[in-house]
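Following this message is one structure expressed as structure tokens.
All chains are identified by letter, namely A, B and C, in their written order; residue positions are counted from 1 within each chain.
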Amino acid sequence: MIHFLVSVKQVPDTTNIRIDPETGSMIRKGVPAILNPYDAHAVASAAEWKKKLGGKLTVITMGPPAAEEALQECIEMGADRAVLISDRAFAGSDTLATSYVLAEAIRKIDQEDHIDLVFFGKQAIDGDTAQVGPGAAIRLGLPLVTYAVEIKEVNQEEGYAVIVRKTESGKEIIKTILPAALTAEKAIAEIPYAALPDLIASLNFKPEVWSATEPVAYDVDQIGLGGSPTMVAKSGSPEAREPAETINVQEHGVSATVETVLGKMLSNTTVAALLEDLK
Amino acid sequence: MTRRFWVFIEQDHGEMHPVAAELLGVANCLVSEVADELKANDEEAVVEGILVGHDVDNVAKEALMYGAERIYQVDDPAFEHYLNRPYAEALTHLVKKYKPEVFLIGATTLGRDLAGAVATSLKTGLTADCTKLEMGPFRKIEKKLLLATRPAFGGNVIATIVCKDRTPQMATVRPRVFETPVRNPKAKGEVVKEDFKVTPVMMAANLVEFIKDKSTSLNLEYADVIVSGGKGLGNSKGFELIKELADELGGVVGSSRAAVDGGWIDYAHQVGQTGKHVRPKLYVACGISGAIQHKVGMQDSDYILAINTDPLAPIFEVASLGVVGDLYEVIPEMIQQLRAQKGASA
Amino acid sequence: MSKEKLQYDVIVVGAGMAGSTAAAIAAREGLNVVVIERGVKPGSKNYFGGALYTHALVDIYPDFFDRKPPLERPVTETGFWFLSNDGLVKATVQGGVVNNDPIDAYVALRSEFDLWWSEQAAAEGAFIIPKTLVIDFLYEDGKVIGVQTDRPQGEVYAPVVIVCEGVNNLLTQKLGLIDHDIKISKTALAVKQLISIPAKDINARLGLPDNDHGMAISVMGDVSMGLAGLGFLYTANSALSLGVGVTLDALQESGIKPYELLQRYLEHPAIAPLIKDGQMMEYGAHLIPEGGWTAMPKLYTDGVLVAGDAASMVNALHWEGTNMAITAGKQAGLTAIEAHKKGDFSAKSLSAYQDKLNDTFVLQDLKQYRKFSAFLKNHPQFMDIYPTFINDALGMFFTGFGKPKRKLYKDILRSLTSRRPLFKAIGDIIAFGRSIIGI
């Protein structure tokens, strides 16, 4: 039976982050925690292929207890097994420490039940680094295809997969030996609307919880703050700039406004030179 | 002791990616920032480039013209097309050999694929998508460290990251965040050919076919004029109007993340922290609220004109000039007046 | 994937104030209750000014305050503000009767509170299914025996369904309990902003002694630009909630956009200083059923009960909606329990619901205020002339230094009569009285 594993992350919905003016830290209240969108699409893709080939799907996440919700969403989408790797000792992990934790968990799961393809989302929308997928892949010695937009073929017998990778200049069709790893773009699969029984199953679901010592005995020097070479030296709000001069169309009318705008733009030498070149 | 400041020279089938030049410029700035330490310790610092590819001697020569003192070049037919494993292994091998202090990689699709793998192999720290790099003091550490500044949490926080106790200190930088240094055709520098054997294990994933994207005449990052549309357009049809204005101004079409997420335009046009960084001479933001992720991608433009119905839209904070009004009224009028002006002077 | 039929004792549609209450009451009695909520979480589709009323909350959970509910400030000062074009008259009351223990009303944020309220229902044993929309009913012999949701394999069965679907009562219409869609003359659209301001600044600007004091204000006058509607101001812990609601037909006729109303309100010279340097945290809108009695559907049929906004249970003048929803939810829950005991889910059996509601303030008040929303619409002078007059009258009175008072009073009277003849003004007051007494 083919076995897929997807590593997911629960993230704050960063499209609307606000900083508390009094404390300078992020206001978490009212900011929903969501399953990282890229990870969600990765799970959808893995679930699709699992159904096609009659296989098994495991999802894992490293996070606080609340990350259980993200795993529930994965069960809703068709995952069979979910593992929450949670321990205070992981707090403060940067991408190097995180890829270590995930890689070792994947290794452990693989020991019991060989994994054919590991999926990651392209990047987490809070860190936006896109480093954990490649980091875990190289620790596991897996060939890696990033920016995957389509899985064309998975051949378990002959042990290969054909994956389409999107770059700035076009699409690459990559054939890779299995086991392998990929990081997924949203295009890789659509998120399905789960059947009601599947949703109900996910609501009642509780994941397996792993700690920093059981069942994997993590090396203390490679996790958490101690295992993170990078740290925040300082942080703050971006500098506020002087608000621009604004012209209100309601006050002056469209025509007069545009006239004024073009006039002001032309009084800027850079823009004037640009517009000159056009003529 | 030579302190090495390295830049990955990205190339695509024999063409150097401009971001490599930009990073060479940055690397040289970093070197100048440790001039005092060099003097005090009687040390040298060099800016060097790492080039991996097949038959790319011309790229090595090009890279030298942008401020590299030396290029280490690895050549093998296996490197003709980018693949994660062989490239990562080659870089790791060279880093272990020469032990650079700082290693910069462009945050392109290729660079982001590569950097995480290399940093993890080297068990070192990597900071992604930096908007500012400098050498500076950190706590009681004697030597200056690379202070890598990047927006976090969608740009609402600006964080400075350090990598202490590990080398090389790695960072990725998106194209166009930094300026292109002046090209010096007379630059003298050496190219050192390095041996590296690519083994079959590294080739477990292989390129079968490459389908070139026909619509890549879009060069957002290096455009002089960009007209961008956002959520305020209301629908994908609005981009026809944006294109009209862009054509009138001799520019290209950009967009906010909201418009891309809404499926109105392709991601290739996205300007912002998770899209492209741009620094055009003229940037026109239409119906874009100016959320920080977008601002971060275009605030270095020389002149910014913003059009939005909401007088409180944050875009007005970075704009040089703002218009509070309906873009569906303002833009057609602009096009009309621009045409009239052109007509008048013709 | 289960192929078993999803069978419960009670289905509740909607996990808002009415739904979670009905579910809690029925589950507490041991019934197998499922609540089907369309939002990502209970509360994500709920929105108001606003304040919750203690009487209803402790009626459901006597130990309500011990459970540490997520409430904002208690309402220790409340009343009316009358806005003229550039002026403000405040008529509020604090202390005395308002100073109850516990306080009668608390400002709340619905996405948090409704989630918590649903968790209390879950603790009673109700099973809540989010992210799922009920689109139709399942019938047998003309009786409702369950609901159809929009998910694959989405049939859910129960002999009684309590519909708490909110103001956009499509399911209620589907059942034929009302013969028309929501009417624009009987539905208001309210828009608001939640603006974050440090607690001590809120206290300083509104004259509150500390963070344990708060305000709930009904704002009349310029805030709705002459349209039938009201504004509001509520103090959250460290944010101000300001908004305005206007009937849909008034918006349509006037062409005024809701955000224009809100923007104008926030820029009013007396309001702007209150929100200076504040950061907008939320910007939202919601429909409010305004028709009350006149827009009420039939409240029950075979296998179905309707409660809350879906049943138009809102008293606009007194800002009572959530407590009506809770009260109705409770009565619906009790009716469902009785129906199960009798094994009878027919309309006749379920009519006990209406009888119960007749004994509560819900139906009594809705009947009494049945003329009120039409009244506001037909008497726009209450939204423009009178608030302006109150401002002018008091303003003139208190700046009449050195003026012969006889002339001053004449001037004050003229500031009314120049806008509305005196006999008509007296008639308006009588009409207003009648509309709230219900005769």
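Throughout what follows, a contact is a pair of C-beta atoms (placed from the backbone, for glycine too) under 8 Å apart; a residue touches a chain by one contact, two chains touch by 3 or more.
Nothing here was measured: the structure is a model prediction, and the numbers come from that model.
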>> Measuring between Cα centroids, what's the chain most distant from subunit B?
In response: C
> Which chain is in the middle, if each chain's centre is the mean of its C-alpha atoms?
Replying inline: A
> How far is the middle of subunit A from the middle of subunit B, if each middle is the mean of its Cα atoms, in Å?
Replying inline: 21
> Which integer distance in Å separates the CA centroid of subunit B from that of subunit C?
Replying inline: 52
> How big is the gap, in whole Å, between where the Cα atoms of subunit A centre and where those of subunit C centre?
Replying inline: 40
> If you look at subunit A, which of its residues touch at least two other chains?
Replying inline: 18
>> Can you list every residue of subunit C that touches 2 or more other chains, as numbers and ranges?
In response: none
>> Multi-chain contacts only, two chains or more: what residues does subunit B have there?
In response: none
> Can you list the subunit A residues touching subunit B in their complex?
Replying inline: 12, 14-15, 17-19, 26, 94-96, 99, 123, 125-139, 143-147, 162, 166-177, 180, 228-238, 240-250, 254-255, 257-259, 261-262, 264-265, 268, 270-271, 274-275, 277-279
>> Taking the touch rule as given, give the residues of subunit C at its contact with subunit A in the complex, in rising order.
In response: 1-3, 6, 40-41, 109, 111-112, 127-129, 131-132, 149-154, 156, 196, 198, 279, 281-282
> Residues of subunit B touching subunit A in their complex?
Replying inline: 12, 81, 83-85, 88, 108-110, 112-117, 119-121, 123-129, 138, 147, 151-166, 204-213, 216, 224-225, 249-250, 268, 273-274, 281-282, 291-292, 302-306, 311, 316-326, 329-330, 333-334, 337-338, 341-342, 345-346
>> Quick check on the complex: what are the subunit A residues that touch subunit C?
In response: 18, 21-22, 27, 30, 32, 193-201, 203
